[in-house]
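In what follows, chain A forms one complex with chain B and a second complex with chain C.
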Partner chain A sequence: MNSDNQTTACCASPGLSLSERIGRDLPRRYRNEQRFQRLGLAAIIIALSFLVFLFGSIISSGYSAFRQTYVQLTVTFDKEAFTSENLAAADYAGMVKGSLRTMFPAVKGRNDLKNLYKIVSPSASFALLEMVTRNTKLIGTTQTVWVLADDDVDMLIKGQLSGEGDESNRRLKDNQLAWIDQLKEQGKIETRFNTTFFTSGDSREPEQAGIWGAVMGSFYSLLITLLLSFPIGVMAAIYLEEFAPDNVWTNIIEVNINNLAAVPSIIFGLLGLAIFINFFGMPRSTPVVGGLVLTLMTLPVIIIASRASLKSVPPSIREAALGVGASQMQTVVHHVLPLALPGMLTGTIIGMARALGDTAPLLMIGMIAFIVDIPGGFTDPATALPVQIFLWADSPERAFTEKTSAAIIVLLAFLIFMNASAVILRKKFEIKW
Partner chain B sequence: MDFLTLILLLLPIGFCAYFLGSRRAVAVAGGKDGIRNLHSLPSHHGALTAIGAVLPALFLACVWQMALPPVLTGILKDGLPAEMRQLPANQFSLIVNDIKNVVAGNMTPGADQTMILEAAERYIDLHNTAEMLLTGLVLLVVAASFLFVHSRIRVDLRARNVVERVLKALLVLCSAFAIFTTIGIVLSVLFEAIRFFKIVPLHEFLFGLDWSPQMAIRADQTGSSGAFGAVPVFAGTMLIALIAMVVAIPIGLMSAIYLSEYASERLRTTAKPLLEILAGIPTVVYGFFAALTVAPLIRDLGLALNLSVSSESALAAGLVMGIMIIPFVSSLSEDVLHAVPQSLRDGSLALGATQFETVKNVVVPAALPGIVGGILLAVSRAIGETMIVVMAAGLSARLTANPFEAVTTVTVQIVTLLVGDQEFDSPKTLAAFALGLVLFFFTLFLNFVALRVVQKYREQYE
Partner chain C sequence: MELTSPQVGTSTQSTMEGSGFAASQQAGGQSAPRQTVGDPFVANPRMTARDVAVYYGEKCAIRGISIDVGCNEVLAMIGPSGCGKSTFLRCLNRMNDTVPGCRVTGEIRLDEEDIYAPSVDVVPLRARVGMVFQKPNPFPKSIFDNVAYGPKIHGLIRDKADLEEVVETSLSKAGLWEEVKDRLHEPGTGLSGGQQQRLCIARAIAVSPEVILMDEPCSALDPIATAKIEELIAELRTQYSIVIVTHAMQQASRVSQRTAYFHLGDLIEVGPTERIFTNPRHRLTEDYITGRFG
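And then the complex of A and B:
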């Protein structure tokens, strides 16, 4: 077709020489060239702007969760309230309510009082209990304490909940807004660094919810994954790269590894559910099972990276060792492995980073339960950081959106740290042969 | 001693055996100066002694541990009164479960369940005896095998060869894990899927147009018929994957071409890692981003254009999934573009073609099989992706090609069917495994073809 067009073009304008015809076409061809280049650049810019948009939207909605609103109360630890030996039996909620009533003596009526009590988080009474258990001398004294504000108050102070509009549609009523303003004037309400978020487990109350439980769950799972997948992966890679004969068996293993690397992660979750939990009867929702499933998922990544690392060790090293009489095993263990180890570690860190971010298989094995306690071992029910993000993302409370974004920021910080250390490791130990 | 402590105890035993063995080797050789007479180094003798002392005991302990529960349950059953043993199988297994729960401390038996309490006590008794027996046996085996190996250490003992053979066997075992995993996956989805297909015929599952897996609890309930026609689910998966590829292929391919053909070294070294960050972000983050930012954006945009857009539209999920896939397409395509020999480009440029014409007529056609392979891998990724669709796509199985409506996917259904309570005799739970089977084999097929294509292509130019 193309050549046909050219011949007709040539015959239609016989007066033009070849170079003139080329010259006539050149501007158009250069324009195409320009357009194509710009298109390519635009594609990269679009892709990178997605990245910026993603990070921007998450950081802008999550940074505020690192601060939390506190309310100052003046609490009287009345001696009469502590009648029994058991400190936990005292009516701390009553003390909180009493303190609020003395702060706003004008408030009367059941509904108004109920609204007043809602300014402070239900966790305030636990905070008082903790204070008294730590120091029993407080009994009989009056103390000023800072307790967590309710999540709606927190959202208002951070400007994420508006006090405008029809009162019946609002989370905070007019009188509550007035009290909060009053507290603000008196300096009895302020935002502080949110330590709760980093030290406590999950909670139904957004202001009390933290990521520490999920972080520990992830830690235990990943510890198992690392302890199993690194040795097994490295040994498998050594066998395939250094010892395996070129036969059907080796081929089957290689095809298997390449395919497993691309199997959807949810399938590994099904395997964990059917084999580890149903067949072997391992406990559900525990880091052991999570770690095992993640191990199976990470193994192909580590094997592939380790093999590439072994391949990059030049044959001269092996020949030299064999030449002075080392056995094949000694050659590998004493000479090849130390040289390949940095590359293997890099691959392992990248595999672990992938395992840290993976959620779907953990959903399958029940690490999605609502767990308040911080797991203390491998067989305690636990959740994991990405699963916690998933759980919070589903919660209807406005304050959980902020918490979710903050948890994502923490997760991304971990991932960036891991990947950066992999890059540094590679740069530092990379040997150019 | 319980099983785990026993296994951990073998570790120090192994270390001791190692030192004793290597000392014995030195002694046999006649002191430090005689080491050269040994066939193997003292450390090899030590390792051999350690392996000899620990391995048989470890093997015994593992076999014992695996055989123990069925044997104990058997003894327990024989000890139960006759009227209990004559109960139907499922009731009887309930009783056995109760006993085990009491043993584990999960349950306190009621006053009328003295039988169960007694049985539980007997079980604990048996268990303790078995543990003591195992501990004794293991220590005996350790001592015997250690003494045996230790006494065999001679100057001409080929300890190194034996140790290396054991090590190599371990390496083979490790590399076989990949096969075990694949077998595990196939077995776990296959068995449950077969049970599912006994209840719901295969053709109904593959070609049925109605998907509503909620089973009716009462017979007179309406609306929960328990229909298992998976076509709407497959169609939804395809729709979202298609949207994702429409986003990812042009952007990914164009970035790959620009990076490999035009970009300066500096741009390449900065843009490439930045693009790869997109691949490293956990999918749950993308899901949150899709549900919280992109879906409302698209809905508002639709409202402004007078379109009715569902808040869980396929478009939002597909778009975000496409962003996630971009780096896969771009890095795989860049690899294959890089592999096209420079001589092809030089030839084209020498004939007077512009760079665009070279790329269009020479480089891309030469790299096409590899690019297609990369795209197939990306498609398999999109189909298997879970978190984005779970968080941003809907649950309603609708047969539609309208990207503004909510559709559901295979992975979403697997998650919703399996999260929460599971009954492994209801088709609702088993359906998840049938979907898993389809997903596994479909992605396997795509990966297999893609890897073959890429490999073939690489060989062509190497």
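And then the complex of A and C:
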């Protein structure tokens, strides 16, 4: 029936040559092709614009956190204040207050003075202590020092807090605004590169809060993850791919590994809480437990990636090695592994990048605790970069908004660095044929 | 094709011959293997195979293969695709061990030693029976390392000078030394196809094997490279026994002393190459070499 129709169709236009008949349909085919290309292009543009929007919004709200407002004080280290041997016992807060009073002698009254003292960060007294500890000769002299401004002042200087509106609804009162203007005129207030953000741990005071504690926590956790998951994952992949007999058991293992890769990460957190903390009694909130949990999460990813890269080694190489009498282990170690290694490294780095960005399992094992100290080892309480972002995003202070974005920038920078090194490693070790 | 009443040159033909193509398509069924005609055995064999059968799972790939490989001879194995000649070749150095579900029965002896005996280790066996594959497969390492790999892993060399000598001799025997002596440390994969195949031959002979198996070594090469390999095979014959699987009948007639014809898992006929190509005794052999099928 169908062929009859075609025959009639062919015969209906007897004068047409083959190329004419094909040519009739050709414009439609090319139109389809162009439409297809445009759809693909549109998809890429949409994806890219989302990415640009994401980066744009994060960077625009986070870049200001890399600068911080400082106030210049003239501090007198009075000899009489240092009575005891213990330098920490001196009243540094009093020195800061005294210095502010000298700058604004007109300010009187308890409330006004309190407002005045609020212009500088409470951390100023620690900065003085540090100065004196470093150089005891300063005692008895008068020094000009730049100390951190309070976070509200910082926000005002960066234009993120307005001085308009009803005074009672404002963080900064009218007299504070006047003092700040006065300081600005005298050049005693300025923004500088924010080293605190990169060198200190978390704090309730936004101007003192930094990500170094979280970075170190992430570093220790990831170190454990790498040291455990890379060798275990690669060995498991090699065994399953090269040595294991093909039977029911290996099939069950394979299916389960694939399932594990799809398990939500918070489940691994619960497992870590139940096993490592409750059963083995490991200390909570520590990088060692975090690393173990992230290892559990990363292992399936590494095993799957390593097996895929072992599979992609051409069988002719295995045959060649076996053909000259190499044992199976020699075949794997001398020939298969070098060819599969770039893929394994890529899989590992991508798994590690996932582990670096994962928050949920760490919440379950207590790495969400507020920790000011910078962890010095695997068993010190710590938090991690993504958890720090979560904590700051949850904080009410206005100044934590930019800190959150800045921490996201740092995390993204690490992730981009890791993924880029995965690409570079693959290019470097790739063996050309 | 009128296979119902095959003309046979000898009286040793089994009755199953009459069942022809259709029945033997399912090799491994209950039907008995076809009897081999000609002279499969030689006086002073290097390797002997007796009643060898190979099964891939339930499927029988070859059966009832009995043949000798003589010293210093080139034995060519010809036959249509899927006839089992490569399968049989890979039994001779137990490369079939690596195929999951592959089972070999019968007996294969190398210098009177059963190579499928439980006590035999495949590692020294594969050193004694080297192999060259269809597609040139040099390691992605330098030319020097390709040749040096076998002697190194088997501990056949004492020092660096020794190793260099082995590499030079092997490459010279493979006719490649003059072409590569100035670039020994360049990757072997950068050579041309024919050079790569000769490198693979050099790699195989570097461990001084007794037998070299070649699985269609020239099928991926152009005629000039093929001619070089064929020349090389003729030279190598003086020191090694060579078993070569080939699809090109002219090649079999050029390089081999004896030829074996395989058909659907059976060894049909074995004989001196000249006789096989001029006066085949079995109808199937004749049909194949005259180009009526295959």
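Structure notes:
Note that the second predicted complex is superposed on the first by the 383 of 433 C-alpha atoms of A that agree within 3 Å, B and C clash if a C-alpha of one lies under 4 Å from a C-alpha of the other, contacts with A are read in each partner's own complex, and residues count from 1 in each chain.
By our rule, a residue touches a chain if its C-beta (ideal position, glycine included) is under 8 Å from a C-beta of that chain, and two chains touch if they have at least 3 such contacts.
Please read all numbers here as calculations on a predicted model, not as lab measurements.
Of the two partner chains, neither chain B nor chain C is touched by A:94. By the touch criterion defined above, A:339 lies against chain C but remains apart from chain B after alignment on the C-alpha atoms of chain A. Set against each other, chain B and chain C touch different numbers of residues in chain A, with B touching more. When both complexes are overlaid on chain A, the residue A:246 reaches chain C alone and has no touch with chain B.
By the touch criterion stated above, A:376 is placed in contact with neither chain B nor chain C.
Contact with chain C, but none with chain B, is seen for A:316 once the two complexes are overlaid on the shared chain.
By the touch criterion defined above, A:33 reaches chain B but does not reach chain C.
When both complexes are overlaid on chain A, the residue A:267 reaches chain B alone and has no touch with chain C. When the shared chain is aligned, chain B and chain C each come close enough to touch A:327. Comparing the two interfaces of chain A, the one with chain B and the one with chain C have residues 327 in common. Note for the complex: chain C touches chain A at residues 93, 95, 98, 100, 122-127, 130-133, 135, 137-140, 149-150, 153-154, 187, 189, 200, 203-204, 206-207. Interface residues of chain A facing chain C in the complex, by the touch rule stated above, are 246, 314, 316-327, 330, 334-335, 339, 431-433.
Across the complex, chain A is touched by residues 160, 164, 167-168, 170-172, 174-179, 181-182, 184-185, 187-189, 191-192, 250-255, 257-259, 261-262, 271, 274-275, 277-278, 280-289, 291-293, 323, 326-327, 330, 352, 354-357, 359, 377, 380-381, 383-387, 390-391, 411, 414-415, 418-419, 424, 432-433, 436, 439-440, 443-444, 447-448, 451 of chain B. In the complex of the two chains, the chain A residues touching chain B come out as 22, 29-30, 32-33, 36-37, 39-44, 46-48, 50-51, 54, 57-58, 61, 231-233, 235-236, 238-240, 243-244, 252-253, 255-260, 262-268, 270-271, 273-275, 278, 296, 299-300, 303, 327-329, 353-354, 356-360, 363-364, 366, 368, 386-387, 389-390, 393, 401, 404-405, 408, 411-412, 415, 419.
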